[in-house]
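Following this line, the structures themselves.
Look for chain A in each of the two complexes below; its partner is chain B in the first and chain C in the second.
What follows is the complex of A and B.
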């Protein structure tokens, strides 16, 4: 018994063993293999600017993916994040460019709208017990229409980098001397760290996992499952808001009605990273790795001459492989 | 009396740790309704499962229409004419009645399903049974009673010669039961052999011709229904066996304060006007047959299900319990009868399950103190002798008894004063069982109070200080352990209103 105790403590206190392992290790290998493959195949890929563009693409997907990982862990889903993100960025931009509000206020609006949508999704799923797929499919449609409606169907251009109000773009990519530094990656890493702690070390995190694993048993333990279930969706909404800011900073103009399908990239990233579709398990670090696989494919495939259609097909195959691993893993139990 | 159509002789069946059937005999005759009776766990269902090929017997012979048979699976039994109408209806509610009846053996016209022909055949079946059901109706739109009729129609569509009804009346209304009986009599008169499993003594008297009684996996005897009284049957069901060390007197001090008082609790159909008191240091047994409403009472008390009315007092103070969260705050812990679904989060570790109900005590500021959590988990693993390699082990890997101990640990960590044990030893092997009994006795000795729901008479008589008996959602008796016997408990448990 004493030996066991020591062993378990040693294992538990080794975060590297916990953080890596299983599916994540495979995903890391896949990322390295993909990177090596693209580097060998294409000299253009080997440039610093390519890495920058991989990262650029990864920020907003990463934020969405971190958020949706929580929804997935509860055994649910959030389809509203893709169109939601674009909708919030549109509305925030509308307040900045058309109503002349400070950029900081616009950014705040983006995040608050995300949080409101999270509350709405949370009410539908946790209180009214709608199936998450249907609930968030509906809010996705609402978000899409709402964005176009508020901006009168026009594209919104957040302030450009060259202008004084363009400072927010530097949050994600700052130019020091002649080199552009991917500052956004730092924010992603910090949030990954914070959310990993949240999920594994705090009470709400523990309850969110427990709800996904067995909601009724958790409820019968005297846990307020409705509250924590809602929280998962609210956090998901807030991260979608953050994604909206990153999206606004990355792209020159934002068109209403777009964004559909981006949620699938985020969800795919989370799944590839080892989050279970049936809930109860998942890791934020894994999600980040999954997102990297996705953005590596998106950016890399054109360099070896495979165009958009092939990217879709290959991404689909990767997703099947990832889910298959999950199925095998659950079957073993 | 008709001629014998099916005989089971010396049927023996063991599961790991349980001798479920011990050389049981059964005789089914043509044109007769045979009641199969016994307490919960007497082996009635197991025997029928052996007959219809769901389980393989270890020993014994089954003779059907003069030939020795052993059905490979329910399908083979059906094909031979031995069918079972289950208590839980197996049906696809989105398909039509006819589609349900012919599922798996659809009538074809070339490569396509011939729905018209199936509807026609189904109609003929219903005519044979004298019942009025539209074959094209969606199954889900029918009442439970009508659905059961469809099951029966499906059964006889296999050219059944022996039909087994497993507690068919459990979900039916009085009128539906009448109709069911009409059909059963009709089938009997057509020369079929019918087995009727039920707990309801009054029904047995009305519908059956003979009664075969089982107890603890053994055959006790067979009576002619019209020549025997309710008492005869009950005496056979409980028997004269001396169960291992039943408690002879209550261990609770006469002046022990009331810790929990429930008044006029109502919740749906299964909890009707239930009132009782629980004293400090007492084990209050809840006895009754399946579906008596004991679990429902516990769940309503715990706030797991909505209650319609009723007051709950803890230590003399009225409390509002509308959710498990409220109950836990008031010091009540609930060990569910269905551990896997409601008791523990099986995909999570022993440590995580142990602290689930009291996580706030394991926080260092915002964060969970994993070290403290694991220490506490180890403490209870050692105290309860839970067999687990580490506290990091996922609960799914533990045996039933050890899972139960993890759930108990969860409520001990929370330091609940009132514990509800719902079938605490169900599916647990003998050794772990007595450990759980010891543990319960220790808990009450420490001044905790326990409500124990149990379907095992042995367990009730061995553990309880006082016993409350329920039947069909009502409290039908309350008895001190000193006066409790199996007979008077069984009497109260079959007392329909």
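What follows is the complex of A and C.
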């Protein structure tokens, strides 16, 4: 027993482990293990196009997850991101396809709507002190109805890749010669870098973490907690808007009334990546890794012939394992 | 004090916006010009005495362009016959409970008859029985209301989805027949769900016909994948070892991503020669998945159902070999005609509103184009 403890202490003080962080290291191993497992089990999985698809379907979840990580760090949550993302993409697409506006304007509308929803969530949570779960559950319902209302309930198809207006799809996947390059991954990495710096090295970022640890203490030390608490939700909204653009670029048609449940993929990604549900700690890099665990499972499990419902069960079990690791770690401290 | 007042005001504003928001979520699915259920029921029940009837129509929502076209057909016919209608539908085709609620509202509005395209017949059974005991006749449309209690649904105005699935299989076989005869091939079927009657019929119609054609070519056939479709297959099932494997995939949840992953799984299998997406959602997922793989129109024949910009583009670009289209406007008209006939006390019988196979060659023919919607 004592021996074990010594071992784990030795592991914890290893500089590499320290730099990456324990849970993130485990998650990286899980991703590699999953990838290797699927590669061995399924020859069809071992293809460049599979990696492309995993990345394709990870962009919008990644953007949402980066955003919601901030909300989680404040000790809150944002359930409105899934239906919100679809709502903004619907409305932006409506302006482009039905009202004939340029695609760039449509994209801007998507992000602005996300920011507005972020402000609304911020007001409800930071100023009116509503429980974040309830507040964002309400805005989730509002976003769901709004998307259908504003587009007349009709599904929206953003310009196809083959048309001149389809250029925005190249932001995420560009064809050079005969090869398709996952350009979107570059944007994700850049945003991960920027947000990691923001969270750990800037004052607003540190305040957001401090609010999650102890809002009252942070307020008493003279920090304008309302302002920074709101900022977390506004950033979350803006990232949801970016997710909306990625979603529109990835899929053919966007159906109103959908999107519920996608927020849970993003939240699960953040949790697997080591962000604490009680707030005060979390990492953007971890979130990205968590998203990849989810994406890897979703894409890989069908390849080994598992029926759809088993995929959800396994994803659920992985989530339990991740939270369990988090609980054990916290207890040790 | 000031702060309290402010927060009270904000609360009121919020509750108000919530009320508006939630109220919207049940009603907004109806096109803007539609009055709310209550208004429609009270105001428009009056002219019924003068000869015009009022109908409540519960559809599957307006997510797909298809439903807009059904609505258009119904609206035109109702105006022509001097009837009024309240045409509603849930936000999405997963909202089974919402639709049942809409059906209950429709019964409470006491119309002359109700049109219904059930998302899930079992979920709607109680409401259907209630309508029957209230003496309100139901006319089914689209997938209809199969398995409803005797005498509750008097007739259906529907595409014969089983026949449509068979037509898809026949047309597809013309393109893949040679490969099937060589054996060792896989034919993929993508179905959005295995609960709605129309998708089940389109799937089984395709599978049965394809199996029949392959068996006629002297091949053993195996149906694998989704349990529902595997169990529904009545023919001899040789399973995974068959010379012709028909693999049916149904996602656990209706999202663009999960359906695209299913399509990708099929596209990546070496022996896949053809994939059939049985509605616009599945056909679009097929096109999305192929954007990374590029096998459609090359080594794999893609076949779709219904229309929409993405599917029509894919057909024009040669990605999809063709698709089946229904006749939504005719369906909308037929619903109103049946409802009108029932309300006038006439006896009614089922109407098959028909379907067509279209390809890049005939996509612009007027006969086809009138049923295609972007």
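Just so it is clear, the second predicted complex is superposed on the first by the 314 of 333 C-alpha atoms of A that agree within 3 Å, B and C clash if a C-alpha of one lies under 4 Å from a C-alpha of the other, contacts with A are read in each partner's own complex, and residues count from 1 in each chain.
One rule holds for everything that comes next: a residue touches a chain if its C-beta (ideal position, glycine included) is under 8 Å from a C-beta of that chain, and two chains touch if they have at least 3 such contacts.
Quick caveat: nothing in here was measured; it's all calculated off a predicted structure.
**Q** Between chain B (first) and chain C (second), which does A:220 come into contact with in this model arrangement: first, second, both, or neither?
**A** After superposition on chain A, A:220 lies in contact with chain B alone.
**Q** So, A:128: does it touch chain B (first), chain C (second), both, or neither?
**A** Second partner only.
**Q** Go through the superposed model and pick first if A:299 touches only chain B, second if only chain C, both, or neither.
**A** It touches chain C, and chain B stays clear.
**Q** So, does A:262 touch the first partner chain B, the second partner chain C, both, or neither?
**A** After superposition on chain A, A:262 lies in contact with chain C alone.
**Q** On the A-aligned overlay, A:49 touches which partner chain: chain B = first, chain C = second, or both, or neither?
**A** After superposing on A, A:49 lies in contact with chain C but is clear of chain B.
**Q** Output check: A:180 vs chain B and chain C. Expected answer is one of first, second, both, neither. What do you get?
**A** So A:180 only meets chain C here.
**Q** A:210 in the overlay: touching chain B, chain C, both, or neither? Say first, second, both or neither.
**A** In the superposition, A:210 touches chain B alone.
**Q** Using the superposition described at the top, determine whether chain B or chain C touches more residues of chain A.
**A** Counted on chain A, the partner with more touching residues turns out to be C.
**Q** Regarding the shared-chain residue A:141, is it in contact with chain B (first), chain C (second), both, or neither?
**A** The answer is second: A:141 touches chain C but not chain B.
**Q** Tell me which partner A:36 touches in the superposition: chain B (first), chain C (second), both or neither.
**A** Touch status of A:36: no partner.
**Q** Would you mind listing the overlap between the chain B footprint and the chain C footprint on chain A?
**A** After superposing on chain A, no chain A residue contacts both chain B and chain C.
**Q** Can you list the residues on chain A that touch chain B in the complex?
**A** Per the stated touch rule, the residues are 1, 4-5, 7-9, 11-12, 197, 201-203, 206-207, 209-210, 213-214, 216-224, 280-281, 333.
**Q** Okay, in this complex, where on chain C does chain A touch?
**A** My answer: residues 7, 10-11, 14, 17-18, 21-22, 24-25, 28-32, 61-65, 68, 89-92, 94-95, 225-227, 249-258, 260-262, 264-265, 268-270, 280-281, 284-285, 287-289, 291-294, 308-310, 313, 317, 374.
**Q** Name, in rising order, each residue of chain A that touches chain C in their complex.
**A** Contacts found on chain A: 43-45, 47, 49-50, 52-53, 56-57, 123-124, 128, 138, 141-142, 144-146, 148-149, 152-155, 157, 160-162, 173, 180, 250-258, 261-262, 298-299, 302-303, 307-309, 311-312.
**Q** Write out the stretch or stretches of chain B touching chain A in their complex.
**A** So the residues of chain B in touch with chain A come to 302, 304, 323-325, 327-329, 334, 336, 341-348, 352, 356-357, 359-360, 363, 366-368, 370-371, 374, 378, 382, 389-392, 396, 410, 414.
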